[in-house]
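One chain, chain A, appears in both complexes that follow, with chain B as partner in the first and chain C in the second.
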Partner chain A sequence: MTRRLMKRKTLDRIGLLFVALVMVSPVVLFFIWMISLSLKYEIENGAYPPILIPENFAWTNYVQVFKENNFFLYFWNSVLVTGAATLLALIIGVPAGYGIARLKAERAAIVIMIARMTPGLSFLIPLFLLFQWMNLLGTLWPQIIIHLVVTVPIVVWIMIGYFETTPMELEEAASIDGATPWQVFRLVALPIAKPGIVVAFILALIFSWNNFVFGIVLASRTTRTLPVAVYNMLSFEQVSWGPLAAAALIVTLPVLVLTLFAQKQIVAGLTAGAVKGG
Partner chain B sequence: MASVSIEAAADKRGVKGSKPARLAPNYWPFVVPALIVIGAVIVFPWVFTLWMSVHSWTLGQEQTFAGLDNYIRLATDFRFWESLWHTLIFTVLAVVVPLFLGTLAALIFDAQFPLRGFLRGVFVMPMMATPVAIALVWTMMFHPQLGVLNYLLSLVGIGPQEWIYNRYSVIPSLVIVETWQWTPLIMLIVLGGLAAVPREPYESAEIDGANAWQKFRYLTLPMIAPFLMIGVIIRSIDAIKSFDIIYAMTQGGPGTASETINIYLYNTAFSYYDIGYGSAMAVIFFVIIIALSFVLMMVRARTNWSDVVDR
Partner chain C sequence: MAPVTLHNIQKHFGAVSVIQDLSVDIADGEFVVLVGPSGCGKSTLLRMVAGLEEVSGGQIRIGAREVSDLPARDRDIAMVFQNYALYPHMTVEENMGFALKLKKANPADTAQRVKKAAEILGLEKLLDRYPRQLSGGQRQRVAMGRAIVRNPQVFLFDEPLSNLDAKLRVVMRGEIKAMHQRIGTTTIYVTHDQIEAMTMADKIVVLHDGNIEQVGAPLDLYDRPANLFVAGFIGSPSMNFLEGKVEEGVFRTDKGLILPLPANATPEEFAGRPLVYGIRPEHIRVGDQGIQGRAAIVEGTGSEIFAKLDCGSEQISCLFRERIDIRFGDTVGISIDPKQVHLFDKASGRRL
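So, the complex of A and B:
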C-alpha cells in the first residue's frame, strides 16, 4: 500500500520534471542558439538547414568585436556609467529610503512610484536639451546623470520597504544614549540593512547596464555604452551574424552571470515591486 | 491616507520643541539630497515637457508659443491614432499571454521535483538579459530564409512565416519576444502568492473528492487572484512603455505596422526634431499610463476577489 503510494509520488515528480523541462526549453534553446551563432563562420551561419555545432569554431568573431568594433572602450564606458549611476544612487538613495520610512512620508513614495511609471523618453527630451545647453554632450556625464532616473527610484523604493521592516527599538535605545540621528543611521540602522542594500545594488546595476534608450540619443561615437554599441553594429556596413551574436553575448553575459549567482536577491527585489525604470 | 501621515510627521516635529530633541530625531536631512536629485532629473523634466508641449519648437529654430495647437494636431494625426491602436494590441497580448504562461509555470515550480531550484534559476534568466542583445538574436532567428525558427516549423510541416517582415505578423512576433522575456516575472509574483496559500482547504477538498481542476478553480485561483492583479498592473505598465525590443527589431516597421506610441514619440522628437509636438505626445502618453495604472489599482482595491472568481 505505502509502496504503491511512494511509487506514484516518484512518477508524479518525474512527470513534473518533464513538464518543467518543456517550460524551460525556449530559454535554453535560445541561449544555445545564441552561442552557436557567435561561434560560426559566415558560410555556416548562412547554411540551410541550419548547423548547430560548427565544424570549425570561429573564435575570430570575438576577436573582431573587440578589435574592429572598439568593444574595449564601450565596455569601459558601460562600467563607468553603470558604476557611477549605481554608486551615486546608493549614496543618496539609501539615506533617503531611511528618512522616508521613518517619516512615513507617503507622498515622497508616490512620486517615486509615478517616476517608475513614466516612459523614459519623456525624461529624455528635456534632459537632452538641458545637456546640450550645458555643453555636456560628448562626455559621459549626460548618461551618468540620466541613468539616475533608473537607479535612484529602484534604490529608494527597495530601501523604504526594507527600513519599514527593521525594528525601531535599537535605534531608540541608541538615541536615548545620546547618539545623533546620523550616528544612529550609520552605526545601527545601516549594518542591519545590508541585505536590502545588496538587493538594491544588484537591481540598480542590472537595469542601468541594460538601458538602451538613453544611450542612443545621448552617446556619441566615443561615449557609447555596450547596448548602443551592439545596436550600432547593425547599421555598420553589411551585417555579419557571427560577430553580431558574439557582441550580443558579450553585452549580456555579465548580467546573466550575476543573475545566476544573485538569484535570491533579484527575486526578493523584483517581487517587492521595484521593477525596471525608464 | 498620505495627508494623514504627513500631519503625523508634522506633529512629530512639533513635539520636538517641547521634549528633548533626541527623542524625535529630525529625519529630513536624510531625504534632502535625494529630493534635490529627484527634482533635477525627474520633476524638472515633467514640468519642462509640459512647457514645451504648448510651444512650437523644432530643434535649431526659435520656439514660439502655440497654446494647444500641438494637442489639436495630435487629435487629428492619423499616424498617432494608428500608433495608439498598435500599442493597445501589443499591450493586451503582452499582458495576457505571459499572465497565462507565467501562472502555469508558477503552479509547476510550486510543486516538488528534482532540479527545481536550478531550473527556476534558468527560467528567470531572460528577464534580466539585456533587451537589445536579445532582440538582435531574435531578429536573426526570425529571418525568413536563414532563420532557425522557419526551419523548426518546417520540421513539423508548417510553411515558412515572414515574422517581423510582414505587417500582419509583426506585432504577434514582437509579443513572442516580449513573452519570452517577461513570463518569468509573472511566475515569480504568482509563486509568491502560492507560498502564502494554506494547506488545510486542500485536504478537506480531497476528502470531498475534488479533482485537480476543481481544486485549482475553487481554491487556488481565488487565493492567488490578488497576485495575478499585481502581475497585470506591473506587466501593463511595462508593456505599454516597451521600446528596446520594438526599436531594435523593427524601428516601427514594416512601414508603420509596429509603430507604438513610444516609437512614434521617439521618431518625432529625435528623427524629426519636432520637440514641441513630441512633448505634447509625451504628455498624453504619460496621462494614458497614469490613468491605466489608476484604473487597475482601483479595480484591485475595490474588488472582492472571491466573489468574482466564484461567479
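So, the complex of A and C:
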C-alpha cells in the first residue's frame, strides 16, 4: 500500500515536472537560442545543421555592439524615458488608484482602461503633429509623455486592486486617531500598499522599457531608445545576427535582473498581522 | 471623560431604515453595553457615535459638544475594532503613539504615556514588535493600549472579543472591566453575547430591529424583562415560554399542562386572555409538584445539569444545580418557584 502510494507520488511529480517543462520551454528555448546566437560568428550562425554551442565564443559581438553604435546614448535615453514615465505614473497613478478604490468610481477606471486598449497608432499621428507644433520633437519629452499611456493605466489598475483588499478598519482607526484624509493616505494606506506599488513599478517599467512603437515614430537619431536602436541595426545590406542577438540580450538584461531582484518584495505581504489570521 | 447623549437618532441606507428613532443617555464614566442579535443596528449605532457613519437624523452629544456633523478625528474618542485594526507597518510602540504623533505631541511625553499604558496592559516587553509577531490576545491588548494612550472622552468597543478563543475571551473580559474601573472613562461596548453584556455593563441597552427593547442594569433585565424578546435574549439557557390561559386559579397551557401562577398574581386579572408563561431553566427544581417529565436531553457539565423534559406535549428546559442521577428516558418530577414566574401578554409581548 505504502509502496504503491510512493510510486504514485513519484509519478505525479515527474508528470508535473514534464508539464512545467513543456509550458516554459518556448521561453527558455528562445532565450538559449539568443544566447547561442550572440556567441557565434556569422558562419556558424548560418550553418546547417544548426550549432548550439560554438567551438569559439565570439565575444567580439558584444564589443561590436558598443563600438559601432552610440549604444550608451540610447541606453541613457531609455533610462530617462522609462524612468520618467514610470515615476510620473506612480505619482499620478497611486493616488488615482486610491481615490477610485475608495470612491468605488469604476467608470473612471474603465475610461483609463479604454485609453490603454486604444491602438497606439490611432493617437500617435495626431500627437506627433502636436509635438511638432510644440517644438518638442528633438527632445525626449514626446516619448516620456506618450509612455504614460502605457504606464499610468497599469499603475492605476494594480493599485485599485491592492487598495480594495486592504482592510478599511485600518483607515477608520487612523481617522479616529486624528488623521486627516491626506494623513490617512500618506501614513497608513500608502505604507501598507508598498508591495502593490513595487509590483506596479516593475510592470510599468517593463512595459515602458520594452515599448517599440512609440519610439519608432517619435524618436529622432539622437533620442532613440534601446528597442528602436536594436531595430536600426538591421540594415538593408545585411543582417548580422551575432551583434543583433548580443544587443537584444543587453536590452533585456536590466529588466531581467530587476524582476529577479524584486521577486521577494512582490511575494512578501506586508499586511500580515493587520487583521486576525494574518 | 464626558457623558454621551443620543437623541432621536435615525439611520437609513437608501430606503432601508436601520435605526428608527432611538434615544439613550449615557452618564459620565458609565460602562454601557449595546447588545442584540446580528442586524439589530448596534454596530451601526456605534459607528455613528465614532463618526464613521453619517447620522440620517437626530443628535449625538459628547459632553456639551454636538458632534453629529464632526469628522471622526475631531470627536476625541478612541475605538477598539473587532479585528484590532493595528497598523501592520508600525511597531507596538508606534501603534500606541500614533494618535499623539498626529497631534504633534512632545515625543518624550508620548513615550512616557505609551510606557505607562504598556505597564497597565503588560506590554512592556513587546513594544518593539510588529503586530504580525503577536498573538490574538496581545493584539487585543495593543488595540486597547492605543485607546488608553489617547486619554479620550469616550471609549468605543466593537465586538472586541469575538475573534478570541473561549478561554481568552473570559480573561480579556475581566481585563477590559478592570481597565474601566481603573481609568473610569465613559465606555460604549457593542456585543451580541449576552454574557459579556451581563458581566461587564453598568447599563445594558437591548436592541432589536433598530429599536430599543429595554434599558437597565444587568440584573434588572434578568429579573424584570420588559417583554418576550428581552426575556428570551437575556439569560442562558433561554427562558421557557409556554402559551396558554389562566383558568380556575392555575395556568393551563394550550397543550394541557397545568402550571402554578406567579406569587403575586390575582387570577381574575388575567382570566381568559391569551398569555405566555415564562420560567427560566435555573428556576426549576427537582420536586414533587405534580409536574412530571421524561428526559429527552441530558447534559451534565459537572457544576450543573441541563435537561430537556417532555411534560405531556410541552418541552421544558431545566438547569439543575444539584447533582442528581438522571438519564435519557427517566421520568423526573419538577417544581416551579412561583416567585420566579413571568407572565407576558401574547399579543403585545409585554410583561404583565
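Please note the rule applied: the second predicted complex is superposed on the first by the 245 of 278 C-alpha atoms of A that agree within 3 Å, B and C clash if a C-alpha of one lies under 4 Å from a C-alpha of the other, contacts with A are read in each partner's own complex, and residues count from 1 in each chain.
Criterion: contacts are C-beta pairs under 8 Å (C-beta built on N, C-alpha and C of every residue); 3 or more make two chains touch, one makes a residue touch a chain.
Note that the structure is a prediction, hence the values are computed from the model and not measured.
S.K.: On the A-aligned overlay, A:167 touches which partner chain: chain B = first, chain C = second, or both, or neither?
M.R.: The second partner, chain C, only.
S.K.: In the superposed arrangement, which partner chain does A:178 touch: chain B (first), chain C (second), both, or neither?
M.R.: The answer is both, since A:178 touches chain B and chain C.
S.K.: Considering only the touch criterion stated at the top, classify A:63 as touching first (chain B), second (chain C), both, or neither.
M.R.: Touch status of A:63: no partner.
S.K.: Could you tell me if A:6 is touching chain B, chain C, both of them or neither one (first, second, both, neither)?
M.R.: neither
S.K.: May I ask you to decide whether A:16 touches chain B, chain C, both, or neither, giving the answer as first, second, both or neither?
M.R.: The first partner, chain B, only.
S.K.: With both complexes overlaid on chain A, does A:49 touch chain B (first), chain C (second), both or neither?
M.R.: The first partner, chain B, only.
S.K.: Of chain B and chain C, which one touches more of chain A's residues?
M.R.: B
S.K.: Answer with first, second, both or neither: which of chain B and chain C does A:191 touch in the superposed model?
M.R.: second
S.K.: Using the superposition on chain A as set up above, list the residues of chain A that contact both chain B and chain C.
M.R.: Looking at chain A, the two contact sets intersect at 175-176, 178-180, 270-271, 273, 275-276.
S.K.: Which of the residues in chain A end up touching chain C in this complex?
M.R.: So the residues of chain A in touch with chain C come to 167, 169-170, 172-180, 183, 187-188, 191-192, 194, 270-276, 278.
S.K.: For the complex, which residues does chain B have touching chain A?
M.R.: Interface residues on the chain B side: 1-2, 5-6, 8-9, 22-23, 25-31, 33-35, 37-38, 41-46, 48-49, 52, 104-105, 108-109, 111-116, 119, 121-134, 136-137, 140-141, 145-146, 148, 151, 180, 185, 188-189, 192, 230, 234, 237-238, 241, 243-244, 247-248, 262, 265-266, 269-270, 275, 278-279, 282-283, 285-286, 289-290, 293.
S.K.: Going by the contact rule at the top, pick out the chain C residues touching chain A in the complex.
M.R.: By the definition above, chain C touches chain A via 50-52, 71-73, 75, 77-79, 81-89, 98-99, 102-103, 130-134, 136, 139, 146, 150, 163.
S.K.: In their complex, what parts of chain A are in touch with chain B?
M.R.: Result: residues 13-14, 16-17, 19-21, 23-24, 26-28, 30-31, 33-34, 37, 45-46, 48-50, 91-93, 95-96, 98-100, 102-108, 110-112, 114-130, 145-146, 148-149, 152-153, 156, 175-176, 178-182, 184-185, 206, 209-210, 212-213, 216-217, 226-227, 230-231, 234, 241, 244-245, 247-249, 251-252, 255-256, 258-260, 263, 266-267, 270-271, 273, 275-276 of chain A touch chain B.
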